[in-house]
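Structures follow.
Both complexes below contain chain A, partnered by chain B and then by chain C.
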Partner chain A sequence: MADPVFVALAVVTIGSAIAALELRSLVYGSIALMGTLGGIAGLFLLLDATFVALFQLAVYVGSIAVLILFTVMLVKRELIFKKIEDNRRKFAGVGLMLVTMVALGAIFIDSGIKDITTDEPQVDFREIGSDFVTYYWPALILMGLILAGSVTGALVLARREDIEENGQRTS
Partner chain B sequence: MSVIAPDFRLSGFIRSIFDNAFWALLLANLVGIPAIMMVLFYIEMPVIDGELLTPFLAFTWLADPSRTLPIVHAFMATDLFRVMAFPGFGFAALIAAATIFVERKLLAKLQLRVGPFYCGKIEGILQLMGDGLKLISKEIIIPAKADKPIFWVAPVIFVATAAAFVALIPVAPGWVVADVDLGLLAVFAVIGFFPIITILSAWSANSKFPFIGGIRALFQMVSFEIPLILSLLGVVILTGTLNLSEIAASQSAFPWIIFLPIGAIVFFTTMLAELERIPFDLPEAESEIVAGWLTEFSGMMYGLVQLGTYLKLYAFAALFVVLFLGGWHGPMVVPPFPEEILTEGIVMGPVTAKIPGLPLFTQEMLNGTLWFVLKTVGVIFFILLPRGVFPRIRIDMLLNLGWSKLIGLAFVNIFIALGLLYAGVLGPGGMLPQ
Partner chain C sequence: MVNELVDFTLVSVALLGIGIYGLAVKRNFIRMLFAIEIIINAANLNLVAFGRFIPESGGQTLALFSIAIAAAEVAVGLSLIIVAYRMYQNVDVADFRSLRG
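Let's look at the complex of A and B:
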């Protein structure tokens, strides 16, 4: 029998994911998205990965969801979206999703993942950290450079030249 | 002087007391005792001193003061007590309430005013109670076009999040509600929820002043979270742990503020911004946008937000104490519990009362709590002080300060910590004792 906590978390995660797509109000949709991300954090907690779970909360729920919410609030929905009610497309989408999920699930279950048992203790985050700065340091530096490049790119894109030419403050 | 009750008669007053006592006794006999018995029979009772706590034993113990202490002891070991009373909500709410009163009085003294004065005989000491009664009795008005579910839920979630923050703070050795192994990360995760609640409640009010205030709060909190996290990394580097209890325990010889003063300054500044206090109180700027994101709250909803704000203030001050000021460490000033009471009992003339279960608290716990509260009150004082001194700063100055100056200083702090670690001064195997 499945763990009731796991079932509850799965229902919350999937239910709020569906709500995030289907809700009319964009703000409620982004709140539902927060529920999805929080549910995933709960699943990480169940897997004894507290470190990942807390980062999931701090980064995804705490920052990215806030950015989405912020963007949604500053946008007038009618200007972007025109709602087209098309039931055939909707049911086709749901059917496609079901087929994909069943196929993926069948592959996963058939792959023998249920038979794996291990006595290894959970991986300590300190080990991951020390591995990162010793053995995997090129990957770490590469990630750092990519992040720095994307932040610089975002700053360049966001710069407003019309204000700077007039000599006004931009900071 | 006005007379509150002109028709006052002493005899009537005494009769009303007897009346009330009669009804209380009657209700206790008819309803109360059966209810207590039901609770005692159906709830699994703990074993105390080798005896199961049956209703009869419970009543004899309640009647015999010398035997109630083991029950109190057993109750204090439960999670319920920790969450509701001592290191958790009750303790924090008490400090928060005291902070509100002291803040008003302190600001008044700084500005040569009197402050709360009439409520209560001494220096308006009952002002807070009066304010609370007023807030409870006021009508809760919800704007007609507000988004009602979010508007109702936001203050409650705000208080709950602040309480979750409080639950992570260790007050004395072993006295913490949630001793999480990754406590500091949990603090960052909890702090991340405040901007969401703020912006949602601001948006749901559907009014322009709360919305402007909410947007400002979002800018401020999200951008100051980065120097906040960076400024605490120095402590984590030197202690090698994220557990707040272990961080506090590592400062038995010296507090980290001696070696990481820059980190402490950066953390204090970001703390002021996260708490929306002057000089960073743009989200509530009362002279520009009424009351910012609190504008549409009325009655007890405003009271809840205020409670959450001051709980958050206590939690941040306590976090500063735990990380930089040595937590509960301090010279032992609490005297040891007198030995003869344990062995001989209390002798009062011919009567000797033997009281088992004493002492209720260990000497270390009392001393730790005393030092922790003293340090926290000191930090809270320094948080309150700028309100009487500084003007509000502009939003562009605020963002400039957060993004360029504080982040740079936080990196300087991290390099100082790394230098101390690699020079072998501090940290594991360092020269100085920990």
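Let's look at the complex of A and C:
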């Protein structure tokens, strides 16, 4: 049976995921998203994946959530507090969510993974490091290039001077 | 290890459901980005959980790659939000007219 720490982390993660989507203010929403990402980092710690948990904290909670927070602050004040959603699709969305949860949950509970537990020692993080520089080195270099390219592209997109209001290009 | 594999997969399924709900219902570009983040995190949780219970270091390696690529995706998505906001002064995806055919 699951231990109390796991239950608490799961409640924090799922609760703040709902809050991130449903809170009226986008600023509070992005802070709740930070809670979700931190809860996932806690679940990684429970899974003995310390390195991934710290990576998650550094990349997601430390940079992505702050980036989102700053983007939210660039938006007009009345848009931050306005709830923009499709009311016709609301019931369809809730139904889709319930169908996904019930169907996938029933499949997982019914399947053979229900009884899987492990007593094996955790994976050594040195093994991950040596995997990165031996077997996965082309993927690591490609990942670095993709990151550099996407950040450069994002900067170029955000700094474009030829865009004016109402979608008219000036040059 | 006190917890079972199925506990972690159920949390992941719940997060996936919430993310799908957000993508279907919300029309705010920034909220849709939140929903995408939640779905990506559910996938990462699955990768690490299965990697712990096999046990195999590949799960964690793949999760690290996935986190790094998600960071790139968020950077591009936020810059698209800034460009669209400068063009339309709005974050409602139904207002982004030039993307319609």
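By definition in this document, the second predicted complex is superposed on the first by the 136 of 171 C-alpha atoms of A that agree within 3 Å, B and C clash if a C-alpha of one lies under 4 Å from a C-alpha of the other, contacts with A are read in each partner's own complex, and residues count from 1 in each chain.
Just so we're on the same page, a residue touches a chain if its C-beta (ideal position, glycine included) is under 8 Å from a C-beta of that chain, and two chains touch if they have at least 3 such contacts.
Everything quoted here is computed from the prediction, not taken from an experiment.
With the two structures aligned on chain A, chain B fits next to chain C without clashing. Of the two partner chains placed by superposition, chain B and chain C are both touched by A:63.
Judged by the touch definition given at the top, the superposed model places A:34 against chain B, while chain C stays out of reach. Ranking chain B and chain C by residues of chain A touched puts C first. After overlaying the two complexes on the shared chain, residue contacts for A:51 are found with chain B and with chain C alike. By the document's definition of touching, of the two partners only chain B reaches A:73; chain C does not. Aligning both complexes on chain A leaves chain B and chain C separated at their closest CA atoms by 14 Å. The intersection of chain A residues touching chain B with those touching chain C, taken from the two complexes, comprises 51, 55, 63.
Chain A contributes residues 1-3, 6, 10, 13-14, 17-18, 20-21, 26, 29-30, 33, 36-37, 40, 43-44, 46-49, 51-52, 55-56, 59-60, 63-64, 67-68, 71-72, 74-76, 79, 83-86, 89-90, 92-94, 96-98, 100-101, 104-105, 108-109, 113-125, 127-128, 131-132, 136, 139, 143, 146-147, 150-151, 153-155, 157-158, 160, 163-167 to its touches with chain C in the complex. By the touch criterion given at the top, residues 27, 31, 34, 50-51, 54-55, 57-58, 61-63, 65-66, 69-70, 73, 169, 171 of chain A touch chain B in their complex.
Of all residues in chain C, those touching chain A in their complex are 1-11, 13-22, 24-28, 30-31, 33-35, 37-38, 41, 44-45, 48-49, 51-53, 55-58, 60-61, 63-65, 67-76, 78-83, 85-92, 97-98. Taken in their complex, chain B has these residues touching chain A: 147, 150, 180-182, 185-186, 188-189, 191-193, 195-196, 199-200, 203, 211, 215, 218, 222, 225, 396, 399-400.
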